[in-house]
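First chain A sits with chain B, and in the next complex the same chain sits with chain C.
So, the complex of A and B:
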């Protein structure tokens, strides 16, 4: 039997609507139920909030208990703002969770180098800390030209981040201010 | 947002201006549509006919950068046609205040202008004060020096012909918008405004929004369900990151960053703690010393004592009057003033105005740290177009971080709801949650300061409270509790005992003596003895207004609509009895507020018999005068919004005054800062925007195949008329050029853009999305911010990326 796309949509639509028999004369409901079962069977549901605009839509991530990986994402039907609906970006949450283009190792680019090198966290954080201390100590202004105490680090600046959680934002600003930074900016300014 | 997303459904008129909500905040339209189905008119004012326009009942085109002319015309319409809500203005705004004799406005300039310094002396805009220390008022609103009359005079120039000649909006469309929106000036109706970067990214950004705030006050729309001033914020946690002070001018909780002249906490508190002589003013900021002391206690723990002013001297001090904003930061980086740069979850090589200046600036650093999920134009700037890596000395560290479903914590949406997120999987490979990176990095820094006995000023580094780890990992709950705040000793407040280590139940209990800590007073109550309120998922809605007060938690103190005491009359009865946000109810002789959490529990201004209640407070509790500011003498560019052209504009004259552009706009002077007005080489207005399928610079979305397939590359939209003039066909490659940069983009020739008639001349506008960059996809185009100017609003210093001048031409193959 040759099916046109329109026929197929009619059939699959009928199956979703729960009619006993499909246009092809047999019951598609068990097939439909089975296919849905495969995706999220035994998966753990975790509510989250979309990472894009600030409407704050609820998303449910389904995590496989076997692999620990997110296998499916969908709008959170209980969420009072979005009631399960999502825009194109929110609906693509799955591709953030499962994406082979993610950077998975620390990368370092040496002065005047043409390529990245992979590095360990341990080496990297120690090296960054050395540079932070060197820049801070070299650029630290204890008193300004008028002789007023300012205790300020003038040589390091920071931008970011509306992409962090609140708890990370607060911790980040505490670190920056303890170091004496005053050039602290982020997305809200642009 | 003063209100919140669901509340849009309660509106009697929805104005969307400076926003393309249907495409950029798509789910907001769930609530716009709900209101529309109930009969609420939806108005869209925008340079482009977008999907928001397609859904609107009224669409009015506007030339980008002329919103104050448009809205000023609405103010005139409201006053001329007596559509304003007089009782509201007289009692809840400064409309009745008498302005001092020094204030004047002449030919586009307010009093106190210093042309050399490009600055106003704002003291000339002060109110006339009575002997009792309170502003002189005339509640009849008839005194010629009262704010309302000055407002009327100011906007008398904004007649339909003049406005239309500036904005390019046909007069019929102006009238239709004015009539429809002004109909909400009756007590039982409320209109709302939904705006976004279309208003903020201008050299008059703050005044765009103030202009609408004035309209909302004239019509009595603040505090009401379905009303308010609602910024549609573009990043999922840009509200929270602002609340937590990741900005040069504020510490967490909107506490100003201390300046050098404020050497002691006592001096700081004196300067920033307002006083009011009005017994009816709650003057909430009088509590500021409690919030500062509690913040310092949370940062420095036991080291912070009353004797050492809670380590106030450890906080870095900015130079008085100097700005350290985004534009200043990159300007100084360009001028080689910094050695190190932390770039956490942001892509300034594409997101900053005049992006090439930023790209050049990064080559002047010794080192930079980039934290992100995917490769991006900032991290890889050293191998960007036209850059020879061998010439770039900057060391770059790229730290891969977790995505949002790979960690636990809260984010705050536009409606101020703090919502908790859960971890659904581990980050891939060696990527780490940002919180862990921050903690581990600071541990390494601190170790170096411990080792080095000669280290520079180590005290704040060594003493910062940093115990946010459980089982070796960053513990978001631990930080969330610190943000909420603890009692630091056993105390008794109003006969109630609290133990050291108890979570503070509400910011009303924070103290200035060191007996409480709170990382951010606004979030006090978010995480209490009852648990993590941000994680709540109960869906009760007893008011039927969609407040959902037990779903998540919102600041302040779970008040879903702020300024809600302005939603009732002087006796506490709702202006709109059908949609009462709060209501004063008397039972057995005892009165109480029902509904939303009121802006303070004081009784209404009047008793039932109409006599004044001296225990009451005015509704705008954050303002020292207790009322909202129609006359805004805190803004740097004037107490009333005035139309000025964008710094790059297509006209040589401003018909409203001799002042063409904002006289105090932020401008910069490097070789990279080129501005051209009325230059025949750049004859068309350019603007930037977003599409549904991408987000910001595309730093995440360009890497998602589903989204990239839908919107694969940069385009430039133009009218059929302009395309014909330039010999460009739909689908051709076009070159778009500004004084600062050049881009190749696919031409989309469309009826959605139409030429404007401005001062009798035909003016064309083209638009580009700013989601693209050279790293990915191949041949997807580069950032539209290569074209935009690094000039800014004088108050916020947000760049003017929504109106600038360009040329377009067909790319010769």
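So, the complex of A and C:
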């Protein structure tokens, strides 16, 4: 059997009535002011721009003056684009710096394999370069059917990256165009 | 009534879940195990790492029209919190009911309370048990609010769905918005506004949003807990009379 809150108060009220004089009644009043230290109290505030989509929201990055570590990020209330608000991705910017679940080593899963294996950056970058060259050589179109020079790499597509900032994106697309890619897409356009 | 309150205008919510993430970041809560349930609601329920959850509910009305509702679920910070009674039946001073804001804040002493009784006492199914034995939930960003800042979930909201302020201002805002919304949605209503500090505006049957959108009749204080509460002042008085 469940009692309603009203019944409950009735019961405890009756039980404590006799003890009211001893000052041990059932006190429903809120306790007195209670304080808690603000995590960002002594942190250094640096304005930055969200690294994700093309909206370009302002973020304040709070950094500990003792450890230099990011302690919190939040929307910049003075920023004309977002006025302090953020979406779920922007709100998660803190975790770019602070998240012990981020993968910090290269993991490689070979074709048809079910297990991931750890690889060195040296091996990884060489492998990427090797495979890009192989695909590019196999799919390169120097001239189209009209005989015009097009120098297109039709066998590779790029989608991304939402985690790059504007300048990184420029460098990235410049590299892709140098390879001859024409299928270049970015999350911010979708 | 003094203190602070939230106004959550579900008609403005786009379910971006910024509030859910901002809450996690401010409270430094980690990831929790989750699974795909065929809904964008993720994780499927509140947990010890998730004090705030945007619930997604689909329903079809009698005319066959689909409704897709978003409900940013969190602690209601009850004016008279039953969970405080349930916890303090076991351990005094484990719950801070702040005089200035009305925030209901659990402390580490909640470890000594009986979690099942606390969960059952909540009409909105909010408290959760953490791995280290503490009972946890939304704190109304008590530290931020005490320093004059907005709660993280309100600060982040890009659409104006999440609002926070002095009780009177929030009630005025909620009633004003209710009048506007009623013109288009005659079933619009504020949920349990007089009892709690997290006031939701919905445009349909609250059950179409979430089973616990309004106070659940099934909740309440168990008989055992009431007995415990009832006998406690007597045992304390007895202890006070004994020497040493």
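The rule is short, and it goes like this: the second predicted complex is superposed on the first by the 109 of 190 C-alpha atoms of A that agree within 3 Å, B and C clash if a C-alpha of one lies under 4 Å from a C-alpha of the other, contacts with A are read in each partner's own complex, and residues count from 1 in each chain.
In this text, contacts are C-beta pairs under 8 Å (C-beta built on N, C-alpha and C of every residue); 3 or more make two chains touch, one makes a residue touch a chain.
Given the structure is predicted, the values throughout are model-derived calculations rather than measurements.
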For A:41, decide between first (touching chain B), second (touching chain C), both and neither.
-> second
Now for A:105: first (chain B), second (chain C), both, or neither, which partner does it touch?
-> first
Look at A:72 in the shared chain and tell me whether it touches chain B only, chain C only, both, or neither; answer first, second, both or neither.
-> second
Considering only the touch criterion stated at the top, classify A:95 as touching first (chain B), second (chain C), both, or neither.
-> both
Most chain A residues touched (candidates chain B, chain C) | B
Based on the superposed arrangement, let me know which partner A:84 touches: chain B (first), chain C (second), both, or neither?
-> second
Which residues form the common part of the chain A surface touched by chain B and by chain C?
-> 73, 82, 85-88, 90, 92, 95, 101
Using the touch rule from the top, collect the residues of chain A that touch chain B in their complex.
-> 44, 46-59, 61-63, 68-70, 73, 78, 80-83, 85-90, 92-93, 95-97, 99, 101-114, 116, 121, 124-133, 135-140, 142, 144, 146, 148-190
Mind pulling up the chain A residues that touch chain C in the complex?
-> 1-5, 7-8, 11-12, 15-16, 19, 22, 24-26, 28-39, 41, 72-75, 77, 82, 84-88, 90-92, 94-95, 101
Within the complex, chain A is touched by chain C residues 16-18, 20-22, 25-26, 30-31, 80, 82, 85, 93, 96-100, 102, 105, 120, 142-144, 146-147, 149, 152, 155-159, 218-223, 226, 229-231, 233-234, 236-237, 240
